[in-house]
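Structures incoming, each one as structure tokens.
One chain, chain A, links the two complexes that follow: it is found with chain B in the first and with chain C in the second.
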Partner chain A sequence: MKSPFRPEVIPDKAVLDDHKPLIRSLERRGLIRGGLSLGSLAMLTGCDVERPDAVESALLAISRFNDGVQALLFDPRKLAPTYPASMILRPAKFNAYYDVTEVKPVNGESWRLDLSGLIADKRPWTLGQLQALPQSSMVIKHICVEGWSYIGGWSGVRLATFLEHIGADLRAKYVAFKTADDYPSSIDMATALHPQTLLALRYGDEPLADPFGFPVRLRMATKLGYKNPKWVTALEVTNTYPGGFWEERGFPWFAGL
Partner chain B sequence: MDQAKDAPTAASSAAPAGRRLHPLPIRIMHWVNAAAMLVMITSGWGIYNDDVIIRGFIFGSFWRLGDWAAWSLNWHFAGMWFLVVNGLAYLIYGFATGRLREKLLPIRMSELVHTVIDTLHFKIAHDDITIYNAVQKLLYIIVILAGIAQVVTGLAIWKPVQFSGLVSLLGGFQSARVLHFIGMAVIVGFLVVHVALALLVPRTLWAMLSGGPRLAGRKEPHPSSGHAT
Partner chain C sequence: MRFPQPVRVGDLIGRDVLRPVESQDILGQIRRVVRDPDGGILVVVEFGGFLGFGRRPIAVPVDAMVLLGPDTEIVAFTPDQLRQFPTFSSAMASDVAPDTVIRMGLAKPSH
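Up next is the complex of A and B:
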């Protein structure tokens, strides 16, 4: 749309060229002045101008309160809508805190899943062992906190099945994950035991492709995209709040759908 | 028609003597809502930028609350409590005291047309700020409904699995998002008109701070006597 502040008749280009140095110097001076006063204000208050400490901690306190409300709203028996396999987006949409060209593939042969915390049998798992467990499939909507969404088809081992298999304490509060791309994450036990929470090994009919977390990633139908770590290398069951990559940067922890 | 006209005036004459145009609870709820709405709108603009709905259209940093998406989200999820709790209190108060019906009904088509024509002729003087003209009534009803719609569509995009029935009623997750955006646009459109008129007729702004003129003892108002003639 045309801006109402633009003149009806565009001035001659020569006029603009004539005044260019003057406009430049004005902008530069304004920028320096603005930068100085903004900087000194920040130094005076000793904190971020945009986000003072008191405001930040109040917002985080409400965010933690909202985590509790979201846990109450979460119905462990409520299933997310599923879709026909024909609607699966191929390939899946890649998203991470870095570009797809920086993905470092993981070797499936040497890959191990390390276990720790409130688990009876902490022996590490191989990909073959996971493939030997009963497999489940789901075609679900991936919803990103940014607003976009797509339909993906995931297969693998239900996390509930896996946790029972290794003798995890199912009354613990959290299940935490570590990954090959340094993207720690954690979820509540209720979501971990939800039937649409998978340790996913396949997308569509194929093993996971490298950018999407080969050999194993977490995939949940009931949480926002950023709660689903790829290239999972370690799993811990704990009662101590583990946090996560985006959570440490201010994003909400529960992030339930 | 006479009965419909008499009902609100009966309610206002039964009110305690000396009641002001905007009783204290209304004034508090108005300004809490104003702050909450601004927080919701400007933090929503910060969230919007990460996945734009209108291609090529983003909100500049001056207009956004929160220096990046995480903090815009935190503002939005904090502001929502103030908006919802205050909005519920307003609706309960408005229905219980009869204020909503008294101030916003009835709306007559002929009066609506008349007021629009007057406004187009720049006759927008408010002789009596205690009575809303048909256009005002309609705009207030629209913005109250838009506010309720924002809570419903907001709930759908916040919890699309827990409220999956609501989401499919709204035509899916992405269409619920677009509806949430349209609801914002309606409210912002209202705000522009509302603030401009309050500044043009500063008595109305002062009334929302101090309470405005006392209503007791006033002659039975005729619904069409409020707007400019």
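Up next is the complex of A and C:
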């Protein structure tokens, strides 16, 4: 039987293809799993699905809503699972938005971590200074949005320790990162202060190797792999939404596990 | 450059060997790591066959392979080229001890 809600004009199916990455990222969260057909898309948004911009902004609104729900559900004291050191994959698994042959190693001697935004002491940091702060280790699962995972062992400075050390405004909303490979990223302050969020300097008891972000990368146990920038060169504390490399391409910003 | 990384020989045994294409077809598994008379390191891959029949060991130079997390890929030869490889015989080489650390390059996932 023909649905009484069936619109007079059937939208072109291509509109679903146009927004495939966005729809996939939404489906992952299961909020509207199985429900995002053309019909429900039109009902849900009341928008004109002939206009891709309108569809895009509707989908992005749902994605932002998802981010908000995830932020509410995030428990800053709850720890992600950890594993015995014997399970660490050596070496780690490489991934980036380009192949390993394009990796440009960073010189640890001349490397500096530049600081900006809502921070009392904005003097840049050297690798030696970071190594002199208290170090923490964790053996955690790296879970990629592509569907694979591996167990890795990371050591470095808790981001919370570092933020306190530099006098960052811990009531600010975001901590943003810039990297040597032009892969901007940003996280919520609650995750930045989580005990399993590290400025990682070592992997499996060795200094980070070049392809894995030497000298410093971000490693979090509570977010998907693409939220962990490598070769971090700058950190900003801000209340203005900073976005990120994949986030600009439709991937969810919170990306919690 | 594929940034060859240290990897323990014992940790390589049994790993899947994939084809560097989106479907990531499994070409075989690593059985042994050996040194040829010239000192070159070869990875012995149980290769080919169908439903477990017709598989045979071939020796692939270590620098023709890359690490892909817990898996490996052969990046320097196509399956057609690998089919032309001679069947590996133990007389050709000696085993590398499991605790030996060798170097193997990296790649990003092909999918």
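Quick notes on this structure:
Just so it is clear, the second predicted complex is superposed on the first by the 206 of 257 C-alpha atoms of A that agree within 3 Å, B and C clash if a C-alpha of one lies under 4 Å from a C-alpha of the other, contacts with A are read in each partner's own complex, and residues count from 1 in each chain.
To be clear about the criterion, contacts are C-beta pairs under 8 Å (C-beta built on N, C-alpha and C of every residue); 3 or more make two chains touch, one makes a residue touch a chain.
Quick caveat, the model's predicted, so the values are computed rather than measured.
Superposition note: with chain A as the common reference, chain B and chain C can be accommodated side by side. In the superposition on chain A, A:132 makes contact with neither chain B nor chain C. In the superposition on chain A, A:257 makes contact with chain B only, while chain C stays out of contact range. Set against each other, chain B and chain C differ in how many residues of chain A they touch, and the higher count belongs to B. Contact with chain B, but none with chain C, is seen for A:63 once the two complexes are overlaid on the shared chain. In the superposed model, A:146 makes contact with both chain B and chain C.
Using the contact criterion defined above for the overlaid structures, shared-chain residue A:95 touches chain C, although it does not reach chain B. In the superposed model, A:221 lies in contact with chain B only, and not with chain C.
Of the two partner chains placed around the shared chain by superposition, chain B is the only one that A:74 touches, whereas chain C remains out of contact. Once you line the two complexes up on chain A, you'll see the smallest CA to CA distance from chain B to chain C is 5 Å. On chain A, the surface touched by chain B in one complex and the surface touched by chain C in the other have residues 146, 148 in common.
If you check the complex, the residues on chain B that touch chain A are 47-48, 50-51, 66-67, 69-71, 73-75, 77-78, 81, 159-162, 164, 168, 173-174, 177.
Across the complex, chain C meets chain A through its residues 1-3, 5-8, 11, 67-70, 105-109, 111. Residues 48, 50-51, 56, 58-60, 62-63, 66, 70, 73-75, 78, 80-81, 141, 143-149, 221-222, 246, 249-252, 256-257 of chain A are the ones touching chain B in the complex. Per the touch definition, chain A reaches chain C in the complex via residues 89-96, 98-101, 103, 146, 148, 150, 209-211.
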